[in-house]
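Note that the chains are named A, B, C, D, E and F in the order they appear, and that numbering of residues resets to 1 at the start of each chain.
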Amino acid sequence: MSKPNTSEGLISVYPGTFDPLTYGHLDVIERAAKLFSTVIIAAAESTSKNTVLDINERISVIEGSVKHITNCRVEKFSGLLVDFAKQKNASVLIRGLRAVSDFEYEFQLALMNRKLAEDISTVFLMPHEKYTYVNSSLIRNLAMLGQDVSDFVPSPVQDALRQKFSK
Amino acid sequence: MSKPNTSEGLISVYPGTFDPLTYGHLDVIERAAKLFSTVIIAAAESTSKNTVLDINERISVIEGSVKHITNCRVEKFSGLLVDFAKQKNASVLIRGLRAVSDFEYEFQLALMNRKLAEDISTVFLMPHEKYTYVNSSLIRNLAMLGQDVSDFVPSPVQDALRQKFSK
Amino acid sequence: MSKPNTSEGLISVYPGTFDPLTYGHLDVIERAAKLFSTVIIAAAESTSKNTVLDINERISVIEGSVKHITNCRVEKFSGLLVDFAKQKNASVLIRGLRAVSDFEYEFQLALMNRKLAEDISTVFLMPHEKYTYVNSSLIRNLAMLGQDVSDFVPSPVQDALRQKFSK
Amino acid sequence: MSKPNTSEGLISVYPGTFDPLTYGHLDVIERAAKLFSTVIIAAAESTSKNTVLDINERISVIEGSVKHITNCRVEKFSGLLVDFAKQKNASVLIRGLRAVSDFEYEFQLALMNRKLAEDISTVFLMPHEKYTYVNSSLIRNLAMLGQDVSDFVPSPVQDALRQKFSK
Amino acid sequence: MSKPNTSEGLISVYPGTFDPLTYGHLDVIERAAKLFSTVIIAAAESTSKNTVLDINERISVIEGSVKHITNCRVEKFSGLLVDFAKQKNASVLIRGLRAVSDFEYEFQLALMNRKLAEDISTVFLMPHEKYTYVNSSLIRNLAMLGQDVSDFVPSPVQDALRQKFSK
Amino acid sequence: MSKPNTSEGLISVYPGTFDPLTYGHLDVIERAAKLFSTVIIAAAESTSKNTVLDINERISVIEGSVKHITNCRVEKFSGLLVDFAKQKNASVLIRGLRAVSDFEYEFQLALMNRKLAEDISTVFLMPHEKYTYVNSSLIRNLAMLGQDVSDFVPSPVQDALRQKFSK
């Protein structure tokens, strides 16, 4: 067994709903971009839950927030994550781990994904501890109540949330 | 911010006591070797606990067990892990995550290491679920009782344990 | 830094949905009332989930259940909890911790609240272990099935649930 | 039931080994000092494990580190914690909660203490998330390796550790 | 106190939604069937969540999947589980435990059930670790996306899901 | 597959150090005795940690505490637990689960034991929640400090501890 002959390095996929993208997500993206040649941020097109921002809004604010990271791009996806990853020739799935409660769900998902596609590895990264409490659901609540969320999300996200909730 | 210009790719360090190396460790090493250019297995020279195998025995059985992985090597280390990693120009620390109880200790360690060396990332990999219950302490107990441990450790480890406990 | 000059002692807020109030909640309220000058039970007016008892019913049964505690009162609240606490000059948020699964959500919430209002401390109290398994959701299920819930909730709550489900 | 008539407010006890005191401990002490009239830091005299600093050294560095908090003092204790608390007329035990792994041990201890002394409440406080990874054991290791620990412990602790390990 | 005089042995009930039955469930049923005289698989008739398979479909595929286990049968139930168990003269409730996140919910439920019916014991069994990641919700998602689920569910379940989602 | 033809029912083994036996252990034994024909309490002869009571004292106080349970007996064991179980024709291992922290260790052990002896099932029982905080280590500490432990352990254990620590 040896290192695969990858002249261009490894492609990784960072999947999520990103409703909205937070500084915690951004921190994971920045870390992944240092480890792998390409990071494809895969925004889930349709989810069982209604999203505050629609898929195009979510993609647009992510693009606005990752301009400084040259080796990453955003794409929408639907269907099976490992199929999306295969289409993109990705061999790595990126997941952030913040807390024990994340851990077990992420583990089940990673095991299932490995069963479905043995060649794709899940890699867990740890966002900065200052983002431990920053999750999209709390952000949505704050934004809905008209609170300032500039400590938790990049400015394109702030603008999108402000527009959405001042309507 | 962009991907560092690393013509030779990233060097990673996988630290541990490895008393003894198990198939769970080996599985993590094989996964890491697919992700990074080099994997340095860093065996802790002296630990607070007494080890069953001494540092040279541990290194020797690891070397015997990873011959099929061309981009990894074994080294002993003492002192601060991040200092060792810096000496080796490594930018990645590898850790295996099996269970929730691993998780919190690993997290504290990773946060502390990030505080001590911001440029070195900890990457968590997930060994195969069939190794969930394989830990070095249970293996030592089995070997001490003269049990067959061939399902849990590579053959160089079996030999070393058999010799040790038949003395 | 020194103890703030509070001639009247500290005001605390115990927030929740209380759908319905259980003996577990009551236990936390009684403990808080021994520690702080005032305990304001803050019943969340509108929640994302539909409640079995409406906000006025919930407040009414809480009031009926805490008559013996002289330094507590019930109020409805909506919007941001820390804003409500500030309006009330409260410097303490009370939360009950029963189980590990409570722990992480409560921690995220407490960290977020501290970020939003640095001067307000979250204090965790532990209800009696005999209430470990008493949660509002299980109580609602039992009441819906016509079961006796007198072991789990004070009598004003029993009456309200009986009325609701015999309709 | 009503608030006890305490003209002087409540006395609290914050027990620990403090080998050594960290910024995480200090953060809990500062928070407790805002909630209760008096905080007695109770340093465990003899513990099953050997300590790096002896009881007098530990008390001395704590005293040097809490001078800015007017309503706290340090005492050594041995024997049963609730007996110590009773002698001091304390009605509150303070514990810091950082992580899920703290949680269960702390819970068992708190339940046992409540069984032994029903009138004494355990109150859990949450240190700042930036101290999540700061624990005494990691600090001792760093100090032993001659590392700078000024980010993790107050300066009296740094001095004591430097002296200890340069001997 | 002594073993109850049960000429026919103990009756056990294994409750669940089984939407759908997985190899993980089947593994628990097989283990329970070795321990107790009778295993009644109790499929919850109506649940708060919509099921993919209706109650008759779920019962039918379970029956098709457990033909090889002579001492088990399937029944629908609604209302309180312990009442169902009493009607069946069952003295044991079976629950599978896969992960820490299962644990606390199962514990609360088991404590509540013990409170409601002291004579009925909850017995926890551990499915094979290779089913750790197999849960009904992930299976439903895979089936919905037209994926092969033959590694995760018995063939009667595969057929039912294929029919359902090819409609 | 069918229920094994066991005219005499199933033999179970409940292993532990029992230093000392607590009411929590006794509760598990009583529950197990209702489920299985025979419960063999297997006291670990030699453990890595020093015990307060030696193996004969531990066995003697257990025997004194379980006289009312006709279908259980106490035996010492050393070596591999599953070998002991096989010698006794036991097909069930009993373990008590109190808390999440118990859970993972118990799970690893159970998985390992299943690997070593596929035919022996581990069955987890839940002691009464009032024993959540009763563990042998806290009991030993209380006894060492001369405290009354009658709420936590049966009277033969009390007597043995009193004798031991008044020496």
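Keep this in mind: a contact is a pair of C-beta atoms (placed from the backbone, for glycine too) under 8 Å apart; a residue touches a chain by one contact, two chains touch by 3 or more.
Since this is a predicted model, take the numbers as computed values, not measurements.
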Listed pair (B-E, A-B or E-F) duplicating the C-F contact set, over half by residue number: B-E
Higher-contact pair (C-beta pairs counted), C-E versus C-D: C-D
Interchain centroid distance [CA atoms averaged], chain B/chain D, Å: 35
Chain D, residues touching no fewer than two other chains: 100-101, 104, 107, 111, 129, 132-133
Every chain pair in contact, whichever chains are involved: A-B, A-C, A-D, A-E, B-D, B-E, B-F, C-D, C-E, C-F, D-F, E-F
List of chain F residues in touch with chain E within their complex: 1-4, 9-10, 30-31, 33-37, 68-71, 91-92, 97, 100, 103-104, 107, 110-111, 114, 121-126, 128-129
Chain B - residues contacting chain F, complex: 99-101, 132-135, 138, 142, 145, 147, 151
Parts of chain A lying in touch with chain E, wherever the complex brings them together: 79-80, 100-101, 104-105, 107-109, 111-112, 115-116
Chain B to chain E touching residues, read off their complex: 100, 129-130, 132-133
